[in-house]
Amino acid sequence: MSAPDYGHAFALWRDHAPQWRAYTHHDFVEGLRQGTLPKDNFLHYLRQDYVFLIHFSRAWALAAVKAGNLSEMRAASGTVHALVHHEMPLHLDICAREGIDAAALEATVEAPANLAYTRYVLEAGYSGDFLDLMAALAPCVLGYGEIGARLAGSGGPYSEWIETYGGAEYQGLCRDVGALIDDALVYRLGAQWHSLPCAAHLAQRFATATALEVGFWDMGLAGP
Amino acid sequence: MSAPDYGHAFALWRDHAPQWRAYTHHDFVEGLRQGTLPKDNFLHYLRQDYVFLIHFSRAWALAAVKAGNLSEMRAASGTVHALVHHEMPLHLDICAREGIDAAALEATVEAPANLAYTRYVLEAGYSGDFLDLMAALAPCVLGYGEIGARLAGSGGPYSEWIETYGGAEYQGLCRDVGALIDDALVYRLGAQWHSLPCAAHLAQRFATATALEVGFWDMGLAGP
Amino acid sequence: MSAPDYGHAFALWRDHAPQWRAYTHHDFVEGLRQGTLPKDNFLHYLRQDYVFLIHFSRAWALAAVKAGNLSEMRAASGTVHALVHHEMPLHLDICAREGIDAAALEATVEAPANLAYTRYVLEAGYSGDFLDLMAALAPCVLGYGEIGARLAGSGGPYSEWIETYGGAEYQGLCRDVGALIDDALVYRLGAQWHSLPCAAHLAQRFATATALEVGFWDMGLAGP
Amino acid sequence: MSAPDYGHAFALWRDHAPQWRAYTHHDFVEGLRQGTLPKDNFLHYLRQDYVFLIHFSRAWALAAVKAGNLSEMRAASGTVHALVHHEMPLHLDICAREGIDAAALEATVEAPANLAYTRYVLEAGYSGDFLDLMAALAPCVLGYGEIGARLAGSGGPYSEWIETYGGAEYQGLCRDVGALIDDALVYRLGAQWHSLPCAAHLAQRFATATALEVGFWDMGLAGP
């Protein structure tokens, strides 16, 4: 099965990120697929992912601040809204079902791997421009899409997680984000953007964020 | 008639802003109330206000980035969403009815008074923290509420504009933003925040933004 | 006499800034050249320029934060140091000789034209990247160089001001900043950067900052 | 021997940072003191520290941008200058003597622990205000001072490193930075700042940065 198509930039960046396979085929991911991941590790991951979502939402809000036109602003602000008003409540629900209430979730101590990743993304956005932010955000958004597409239909105890990211809605979002990135690159740098010096810098942003995703799975696998 | 109550900080800041009355009782505002403002001036104002809204939305998105807790983040991201997905389309509609299409609106050249105001607010947010941003955003949000409440029922050619800001929905939003600001101050600085040195700095932020609102009405009155 | 050569980007941007001549041949500048500018206007300008220098130094510090390599970082941090530890004390000296002491200078109320300009530059730097900041900073640094070079040798009551900017040291600094900008563009965007879509955006940054320089001179001419 | 006195805030923050002793008495530090740290680990640390210095200088430049008065601006810009124009060249010299030339140093791949720390500090500065930045910068500046003061006179192969931080010049800098922080707190929050809600937030900034320093020593000990 071929990987889903999320656009031109993603295809280029993924090919130049040495740890892309280590990220998308991580033992944590295989544990989700085969249903062998211990529940405690999954819950540890879920708690950290909630903290991650807060900073991830802040990063998308920063994208709205740094948008270069109305279409980028709408896409970014729509994503923030979906994350804060739908994704985070959903996370609260799932955790509640597992016996982790809102107070416990809020009290989660951020793991170093979590902190490293989110601050890297936010700093990239603050110090760079909209493109820096997109390149740093892409591995999370689109990597989860690629993992979800590959694992879809695996069944097992983690099928709800799998189908969230493998489902049509999230796959559509990935194609939209891929198009947002491609359009943003052409809008600023022209159709030949990949041959400019800054293309290597953006690919490096993507590769670093990918390496930090590996660290996030490692943290999940190491457990609480 | 007494002014509406938008909370504690607003009451303090308004009293220390030398130009508050010049802003809220500006000749432009009186022209709206009495219906004597020339249509061209109003349309000039509407066009500039559309550009203003873009940067104003960016400033609220920055508030989401700088939020100190989930409640602040939800309030800020909800405001961005309302501005980008409701307020801006509404503006497009009103302008369209007046014969200004989307392309003309997008092509509006930002007036210096507009640029000065929006960049002041954004820079306050970037260089300061969430409170700096709130103090710089408050004169616009809450001043329009105070003006709307005072002008409500005036009728005349500008009654649609007047009732938008004087209506229950916008007045509710003003009370919410006033509460957001009061809560944010107490959350960081405690109940006695107004006696701290930084209180003067925040009041100054509010006063400067108020002065820049006067400049915005001046620009509207000067016309295209 | 031809204008001095401060590099490639400057030459392009200057040609596309509609108000470049209005800025560099402003009546305030002609008043300095002919010695006809009233002393009060000059002192008003000097006081505002002191406030300007503070924010201008902050903008160069932001350039150090956003530098893409060591050479850019050294250039930016060297400029901040020169501004804060040499230029600002020099300003204090000149004002002191004119009877404006440090306390009076610190108490200067920022004029709207001053605020508009400095916040525009800082916000361009925060929201954009190093290049946005350079394009917004260039009209001040290099415009003063061009004015100084043209006015050098005019004599008269403002000859100290004129020779500061027309002198070899400042002219060398302008060539260095021009080279910094050219190098920064090629480093990120390649030698053909001027044919990319973002080139128009950068030229617009330069043009807007030039228009804000005109506003600054207008403010000086209007007087205290 | 009692720890050196770097002011009031530092004393409070250190007492509330659970990992302060783990940081200042880390095995890496003991290895420096006893001369038992393998040379390869020290060189690995030096190379990473060079990358760290670049981002650390950027963070101090951000402090200059966010300064609230001239005295803070002078202190921050003086520190940037010292770091970029003295500390970094010194680092280049030391590394050169050990056979690591400038090109090798520039090519250093940033370790995850290094990235986590520096981005945390920069993001704290961008998202917060001057005080957030100071609280996040303090553990590095003042912790090295405390370590240097304790190890001074130990002799051995790492005596040059030890005496750099234990020497009178660096100790004076620590007292200056401690005073800068105390003054900045009182300037904004008053003499009773430690009883305000935001005091816990600042102490947490310091504690997190301290934990990230532990991660930095761990990385040094783990070796290349």
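Letters A, B, C and D name the chains as they come in the text, with residue numbers starting at 1 for each one.
One rule holds for everything that comes next: contacts are C-beta pairs under 8 Å (C-beta built on N, C-alpha and C of every residue); 3 or more make two chains touch, one makes a residue touch a chain.
Predicted model, so just to flag it, every value in this text is computed and none were measured.
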Where subunit A and subunit B overlap in contact partners, by chain label: C, D
Which is it for copies subunit C and subunit D: same residues on both faces, with over half shared, or different residues? same
I'd like to verify one number: the distance from the centre of subunit B to the centre of subunit C, where each centre is the average of its C-alpha atoms, in whole angstrom. 32
Distance from subunit D to subunit C - Cα centre to Cα centre, in angstrom: 35
Chain centres from averaged Cα atoms put subunit A and subunit C apart, in whole Å, by 42
Mind pulling the residue numbers of subunit A that touch at least two other chains? 58, 65, 122, 126-127
What part of subunit A is in contact with subunit D in the complex they form? 58, 112, 115-116, 119-120, 122-123, 126-127, 208, 211-212, 215
Note: in the complex, subunit B contacts subunit A through residues 54, 57-59, 61-62, 64-65, 67, 70, 73-74, 76-78, 80-81, 84-85, 88, 106, 122
Subunit B to subunit D touching residues, read off their complex: 65-66, 68, 126-129, 132, 186-190, 195-198, 201
